[in-house]
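Chain nomenclature is as follows: A, B, C, D and E, assigned in order of appearance, with residue numbering initiated at 1 for each chain independently.
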Amino acid sequence: MKIARVIGSTVSTVKDPKLTGHKLLIVQHASPNNELFGDPFIAVDTVGAGEGELVMVVEGSSARYTGKTEASAVDAVIIGILDSITMDNEIVFQKS
Amino acid sequence: MKIARVIGSTVSTVKDPKLTGHKLLIVQHASPNNELFGDPFIAVDTVGAGEGELVMVVEGSSARYTGKTEASAVDAVIIGILDSITMDNEIVFQKS
Amino acid sequence: MKIARVIGSTVSTVKDPKLTGHKLLIVQHASPNNELFGDPFIAVDTVGAGEGELVMVVEGSSARYTGKTEASAVDAVIIGILDSITMDNEIVFQKS
Amino acid sequence: MKIARVIGSTVSTVKDPKLTGHKLLIVQHASPNNELFGDPFIAVDTVGAGEGELVMVVEGSSARYTGKTEASAVDAVIIGILDSITMDNEIVFQKS
Amino acid sequence: MKIARVIGSTVSTVKDPKLTGHKLLIVQHASPNNELFGDPFIAVDTVGAGEGELVMVVEGSSARYTGKTEASAVDAVIIGILDSITMDNEIVFQKS
């Protein structure tokens, strides 16, 4: 899974019926130190994540294996909000 | 899912039978500000997207999970037309 | 799906039994203007594509969803021969 | 599968129910000589790997095919601890 | 599928039970002219490939579709030994 930060949201009225009701957030990959990198993309939110939060994103076919996205045409889903990241016994990220 | 813009279309007469009837569009990844990047590729249209529109593209196995592409040999499908994108409480893209 | 050009072929005698009978072509990604880029790779041909032709390649799990590659250990398959590509109402590629 | 080194861990309280009980480690791809490269990401540990160990990571849909992650929304799982790597008949990595 | 060359092997004692008995080789992507590029990774051998040989590697979910890796947690498998590669009617690689 990827570390990512929620940086926005998008609205789509004309869309595949199975996507109805899903919150579509704009996310960007992040380092363990919460530095953004790579190209922003769209992920379905399944955990109530808010803008600015560091989250865990699952990509590819496994994005269909949450309770809320089963058999949906989605390839990126937020499956967790990160509380903390530890490296070398040092906390490098702590949710505020 | 990826933000992408429809930039063209392609025609293929000799093709896998399951692809018959699908509209094949040329798309390119785009930033939330509607700037193109990366290499153009082919996506099946399932929502009636037109050239120039900003869309949401699902890639990989989940491209087979729309109502129109079930069990088809497709790995990129347009599943939504984007109305707007908001970042930092500011609208950075609005469908015209 | 990706735009690609057939640039060669390969022969493999010792291989997974499910691959027997498949024509293995060397392809390379191409732009809508038929310019090659990226690293050549191997794709199973299901449409009778010939060297030099611009084709449509499906990658990943969907490569197993053609009539000829069902449940095979393949991750790249040629599923169509491209007749033409249009961008900005201009034909940028036309099969000769 | 990828060679990777465990470089940290992360905690997520609010997460998809199927992830409960999984140890979430931060890993980074490594060369056969144990040099790190690429962007750190999150992998579920299924073999009791510890920080600093060189491991084998499976990515994508196959991450759901271990005994401990079946049908879970995971796309990266540690499936083995590497004892040694040999290249040109020379041991280039040996677990200490 | 990718052209790759076998450049080494790895041993893992503590691993997912489904991986028991699989030979784990270190491979690296190669051009049709047998020049190596990219980062070495681990592939399960299903065809008796030896170090130095040019092989065909299937990646992703299709790696589970050989007779020897069904439903295993593997994402890269050697499925063929390449005998020759032809480009522009010229043999650019011939197995010695």
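We take it that contacts are C-beta pairs under 8 Å (C-beta built on N, C-alpha and C of every residue); 3 or more make two chains touch, one makes a residue touch a chain.
Source: prediction; values computed, not measured.
Chemist: On C-alpha atoms only, rotate chain A onto chain D and read off the angle in steps of 5 degrees.
Modeler: To bring chain A onto chain D, one rotates by 70 degrees.
Chemist: Whole-Å distance, chain B centre to chain E centre, using C-alpha means?
Modeler: 33
Chemist: I need the residues of chain A touching at least two other chains; which ones are they?
Modeler: Touching at least two other chains: 60-61, 63.
Chemist: May I ask you to sort the chain touch graph into line, ring, star, complete or other?
Modeler: Per interface graph, the chains form a ring.
Chemist: Which chains make up the ring, listed in order from chain A with chain D immediately after it?
Modeler: A, D, E, C, B
Chemist: Spell out the residues on chain A that touch chain D in their complex, using ranges where they run on.
Modeler: Residues 1-3, 29, 31-32, 37-38, 46-48, 56, 58-63, 65-67, 77, 79-88, 92.
Chemist: Given the complex with chain E, which residues does chain C contribute to the contact?
Modeler: 7-19, 24, 26, 39-43, 51, 60-61, 63-64, 71-76
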